[in-house]
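What follows are several structures.
Both of the next two complexes hold chain A, though its partner changes from chain B to chain C.
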Partner chain A sequence: MIAYTIRRLLAAIPILVVSSFIIFWVASMSADPIRQRFEGRNPPPPAATIQLERERLNFDAGFFRQYWDWLWGLVVHQNFGPSINSAMDIGGELGRRTVITLRLVLLAMILALVLAVVTGVLSAVRQYSKLDYTFTFLGFLFLAMPSFWLAVVLKQGAIAFNDSVEGSLNRRPIPTINHEASVVPEDFWPRMMDIGLHMVLPTISLALITYAALSRFQRSSMLEVLNSDYIRLARAKGLSARRVMVRHALRTALIPLTTVSALGIASILGGAVVTETVYQWRGMGDLLVNAVRDQDRYVTMGWLLVAGLFVIIGNLVADLLYAVLDPRIRYE
Partner chain B sequence: MRTGTRRLSGLIALAAATTLAVGACGTDGGSDAGKPQFSEGFAECEAKPNDCNSGERKQGGTIVFAVNRGVQNWNQFSGDGNLVETVLILNTILPSPFIFLPDGKIQQTELITEAKITSESPQTVVYKINPDAKWDDGTPITADDFTMMWKFQNGKDCPKCNVAGTTGFELISSITGADSGKTVTVTYSSPYPDWQGLFALMPAHVGKKAAGGDLNTPAALEKAFNSFTAQPTWSGWAYKIDKVVKDVQVEVIPNPQWYGKVKPTLDRIIFKMITDQKQNVSALQNKEINGFTAQPSADMVTQVKGLAGVNYEMTGGSVWEHIDVNVKNKYLADQKLREAIFTAISVKDIIQKTMGFWPGAKQLGSHNLLPGTPGYEDIVKKVAPDQGTGNIEKAKQILTEAGYKDVGTALKTPSGEAVPELRFLYREGIQTRLQTGELVQSALAKLGIKIKVEATANLSETLDTYNYDLIIFAWAGNPLLSSNKDLWTTGAGNNKLGWGDPESDRILAEMAKTLDSTKQRQLLNQQDEIMTKAAVVLPLFAKPNLLALSSDYVNIRDNNQGSYVTYNVENWGQKKAQ
Partner chain C sequence: MSDPIQTVPPADPPGRVEREFTVKERTQTQIVLSRFLRHRAAVVSLIVLALIILWAYVVQRIWPHPYDWLDGPGSAAPSLEYPFGTDEVGHDYFARVMRGAQQSLNVAFLVALLSTAIGAPYGAIAGYFGGRVDMVMMRIVDVMLTLPVIAVAGMLTQYLRGTWWVVALILAGFGWVVNARVVRGVVLSLRQQEFVEAARALGASDARVIFRHLIPNVTGVIIVQATLDIAGAILAEAGLSFIGLGVQGPDTSLGLLTNLAQEAVGTRPWLFYFPGLTIIAIALTVNFIGDGLRDALDPRQTRQRR
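Then we have the complex of A and B:
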């Protein structure tokens, strides 16, 4: 399995290189960030300043040279290139923000998976019952909700809740912006409470959107397994319903969900962009929004690499999980 | 009240950010027409812009004030550090000799006891620095600080300093210090009327240390200049930076070495980064912030008006929208056609459609001065009263008298050539400008002129290459009057019209060398008359700025003159119970 893992990681390198080249090409086709930065300034900036910026950002080099310099700097010096903001260390920024986003994405993913498995299984087991219809309705409802809209609605709900309890609690318990309070509590437990409360709204927003699709997959996968011959055989052999359900049916039914979840990493990262904007988290999503606004191509490239790495690792983990879920699968 | 310039670099930032970042504004069809644009706490702002929301302060308290983006580069004098938000925060620590008040007047700060022109030829300015003025480590503020800032920004001593601008500094021929550096003599090689807006100081002793001991070589200056991109550990004003949570918030606390008479009462000011302006209102509603400024949309205004315990003021900002005509287009080179176009466009309709949520919006009558500032005159009304009226019959008459044919159907020039479809450009994504384009399209159709409304993703390139026939965009008005020269002089860097006039150029050149600001304004109005008659730029309106603030705070008011809301930060405080 180790050899397989290494092979998969090595195979990911050309994928990342090709995708980075395409993004670099697209980014270089868009507006000139230096021109955009100085646009509208009166009096205009000195020509020397513009030239210094061009040199710093390596814009005077040809397209292929720019890309090669970026790639070389990354591979040899672990340097993600210069940002439009001269004081920004892109590598450090990516690292710091990845931690913030992972905190959100991982928790949301876990919550979404647990919800999806529970509701998907219950829906399948009680197919066409009121419970099934309820979960189906909720699933489609959240599927149909734009993530930014859900986030804003939750935010307004939290504000209304805070209004209602402020008098009795003498504080507003649910924060709506940032990943921590303006004045962070110094003691450990109050600080953990603060972090936890700041996670409530963004995690729910992201989890509900993600859960909706996963629950539908889990339901159909479970239904397919429950109607298969080997489950019928297991029941005929007299195994307990619980043993049939958990050991034989659910385990098999989780395989498609694993695939979908791995593929869903990209979309949950996309969802994080919206969620982080609405809740003003300073994670990867916020970094991407700022980079696109400022036409900051090297930051965009860095973001893409990290996001691409997430997707590749997610898919690799999914492949490895297949072997855990299905003993017939072995990797050489 | 603090006096102190929030200087040229701040103004540059304003121009850049506002012109570019103006978002789409919604409309509400003017349903609020007639209602005041100030809530109770700011009711006096129209009559007393420098004193409204005044009050006694209690000792202590914290304010959380939202800003639109995080600070990456702390050197506001550098090309990429010169952003509104950075200037707004650094106002709390940077000393400067003058400040622009909300009404556009300039006021001396407590950094100096006196500053005056002692000679007009060559222009010589002598500053007397407050003997008590010092940096927070106790080092006196002296001529050395002025000299370092000059060397950074004159474009000669430090060619590799990536400065935001050299304007003004490149005209200084020498700076000398006397009386232990407390008397500073600045000599200009040619007159610079905006000298009061020039200096804001960073500590030379800190720069010198970063450069390895001296500031006499280009390399040392560059090193020192770049060292100021890091988070400041110094202060020369009322507050000092205590803590920075990157991209989340900047916290400042009172500077114990502050030498001003008015002492800060707030224990802490937290500048909270809220990069999506739409989130400001809910954050204010949830009491996570106490105030913010923004260029508002109709939705934002409605929401703010509905918040309990929140005061707001909406004032005409310094950003003004206008429609420009490309005179390089051979058809639009004809002044009569331009006059007819401007006459057919109804500015009133445009305001109603796009700025209906702001009852204070009205047609702008000048290209150089903003309403409410000294010397402002409605030049359009004075010399071209039909421009912007939407008077189609008058426009037709102009064309007919000029010999145009098929007026009202398919316009032809006097020589019989069909006037082709004209392209009206606007910046992609700004809905109000699209709506303006549609109104222009509809109005000019009545003259027989077809208009194609197009979006551009790259406004600068469109302007630089004259790739438009008509275009709408915004300039930021600038209290540094001489900067208008760059906008309208033939061939100047910011003249995006392709238009020029020898008399206009002469007046602008004279204006840029006139040290008397009253005379300067008169000259600008003279130039404005020439330009207005030429019908090349139709001023529309100044865009509003919104300040929303928890009613618990006093002495906080908006400042659209380039010094920003923090211009008087040492006066900010929590309201004292009556």
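Then we have the complex of A and C:
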């Protein structure tokens, strides 16, 4: 299994190289970031300044040469290349922001999976009952909601709640912007508390949107399993209802959910970008939106590498989980 | 005097017995239609969606104020004259939302059309040939799936100055991958079946088998996926425009309207809620229609809705 994991990770390298090249290609077609930055400055910057900036960003080299220099610098010196913003160290910035975004994405994902399995199974077991219709409608509603819209509505609700209790509590209990307080507490527990409170709203928003898609899949795969012959056989053998549900039905019905959640990682990252924008987190989302706006190509490419790595690791975990869920699958 | 046995009425001839159980013969279309009509949410959704389309494309033309008219009062709350209020520069927001809905629907329909037109044959070819062809084609899909739509689409719309069809082309450029995967999955299982073997034994070419035998059999899946594409594209456009990387002014879309209204949500909530509710209404109805179609087109579906 370790050999399999290593092989899969090695196979991911060409995919990442190709996709970073695509990003580089798209970025180099776009407007000249240096001109965009100095545009409208009065007096215009001296030609020497622009030339220095071009050299720093390696814009005078040929198209393939630029990409090769970036790749070489990354592999040999672990250097993600120069940013438009000369004060930014892309590698360090990516690391810091990945930690911030990862805690949002992971927690939302876990919450969404648990909710999806519970409601999906309940819906399938009581197909066409009131409970099923309620869950189905809620699922459809969240599925139809743009992630930012739900986030803004929740935020407005929290602001109204804060307004109403501020008088009696003398503080605003639910933070609605930023990923941590502007003055970060020194001690460990207050710090964790602060981070946790800031996570409440973004996590709920992202989890509900993610949950919607997953619960539909869980319901239909559970239905398909429950209608299959081997479940009828398990019941006929006289196994307890609980054992049939958990060992025989649920275990098989989790396989499609694993696939769908792995495939959905890229879109969850996209959802996280939007959610972070609404709650003004300074995470990966903020980094990407600014990089795209400023045509900061090396930041975008670095972002892509991190996001691509998430997607690949997610798919790998899903494949390894298949082996746990389905005894016929073995990796060597 | 009759034998008691003879009082028993003579057994029906076999033909008649059968007829008692025979229901009226129905074509496939009738079966699908009646199944769809039983899905109440889908039928209601179809009507609501038709009304929204009528509203966005027709009412917009006859509404007294065009979307770029800005001589109304600034920041007026919804009233009879301005059902959705006005924004700070005096646009009639009802006209803005109609225009936004039209552009968002344009994007969604084009995305669904293109994703299906590219993705379905691509998936069918990969699934049908299998082996090395399949591996190469699916590797390309893998690369597409690693690319975060939001990053690449954002860069491209910045470069190409996003009009609605540019946004649609970009979203379809990513969207077809999903259609391809879905169709490939179905074709993989279909190509093992006897009718494909029979067609091949009769000397049908690969192209004929794919386009005449396989694609018609995955039509149901393709249609359902296309409706899901519409809902997905509406939301994707909204998300992109919301962070400022989708449709660009002076034109408008539902996502761009909510983006511009995001600062105003506390003081002038109508600017934020009306376009948002329109997005939800479209995506919700489209999803329900897709669900109804899935139930109606699935031949294995036997359990009836109550």
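Note that the second predicted complex is superposed on the first by the 329 of 332 C-alpha atoms of A that agree within 3 Å, B and C clash if a C-alpha of one lies under 4 Å from a C-alpha of the other, contacts with A are read in each partner's own complex, and residues count from 1 in each chain.
In this text, a residue touches a chain if its C-beta (ideal position, glycine included) is under 8 Å from a C-beta of that chain, and two chains touch if they have at least 3 such contacts.
All figures in this text were calculated on a predicted structure; none of them were measured in a lab.
Undergrad: Looking at A:274 after the superposition, I want to know if it touches chain B, chain C, both of them or none. Which is it: first, second, both, neither?
TA: A:274 contacts chain C only, not chain B.
Undergrad: Contacts for A:172 in the overlay, against chain B (first) and chain C (second): which applies, first, second, both or neither?
TA: first
Undergrad: For A:289, using the defined touch cut-off, is the partner it touches chain B, chain C, both, or neither? Pick first, second, both or neither.
TA: Both chain B and chain C are touched by A:289.
Undergrad: Per the contact definition in the header, classify A:88: touching chain B only (first), chain C only (second), both, or neither.
TA: first
Undergrad: Going by the contact rule set out at the top, does A:307 touch chain B (first), chain C (second), both, or neither?
TA: Second partner only.
Undergrad: Does the superposition put A:263 against chain B (first), chain C (second), both, or neither?
TA: second
Undergrad: Applying the document's definition of touch, where does A:156 land relative to chain B and chain C: first, second, both, or neither?
TA: Touch status of A:156: both partners.
Undergrad: Quick check for you: in the superposed arrangement, does A:19 touch first (chain B), second (chain C), both or neither?
TA: It touches chain C, and chain B stays clear.
Undergrad: Where on chain A do chain B and chain C both make contact?
TA: Residues common to the chain A contacts of chain C and of chain B are 30-31, 156, 159, 277-278, 289, listed in rising order.
Undergrad: So in the complex, which bits of chain A are touching chain C?
TA: 15-16, 18-19, 22-23, 26-27, 29-31, 127-128, 140-141, 143-149, 152, 156, 159, 263, 266-267, 269-271, 273-274, 277-278, 288-289, 292-293, 295, 300, 303-304, 307-308, 311-312
Undergrad: Would you tell me which residues of chain A are touching chain B in their complex?
TA: The contact residues of chain A facing chain B are 30-32, 35-46, 48-50, 52-53, 56, 83-88, 96, 155-156, 158-159, 162, 172, 175-180, 182-183, 277-280, 282, 286, 289-290.
Undergrad: Touching chain A in the complex: which residues of chain B?
TA: Answer in residue numbers: 12, 15-16, 18-20, 62, 64, 69-70, 72-74, 78-81, 155, 159-160, 162-167, 229-230, 246-249, 270, 272-276, 279, 282-283, 285-289, 457-461, 473-476, 478, 483, 486-487, 493-494.
Undergrad: What part of chain C is in contact with chain A in the complex they form?
TA: Residues 139, 142-143, 145-152, 154-156, 158-159, 231, 235, 238-239, 242-245, 255, 258, 262, 265-266, 272, 276, 279-280, 282-284, 287-288, 291, 303, 305-306 of chain C touch chain A in their complex.
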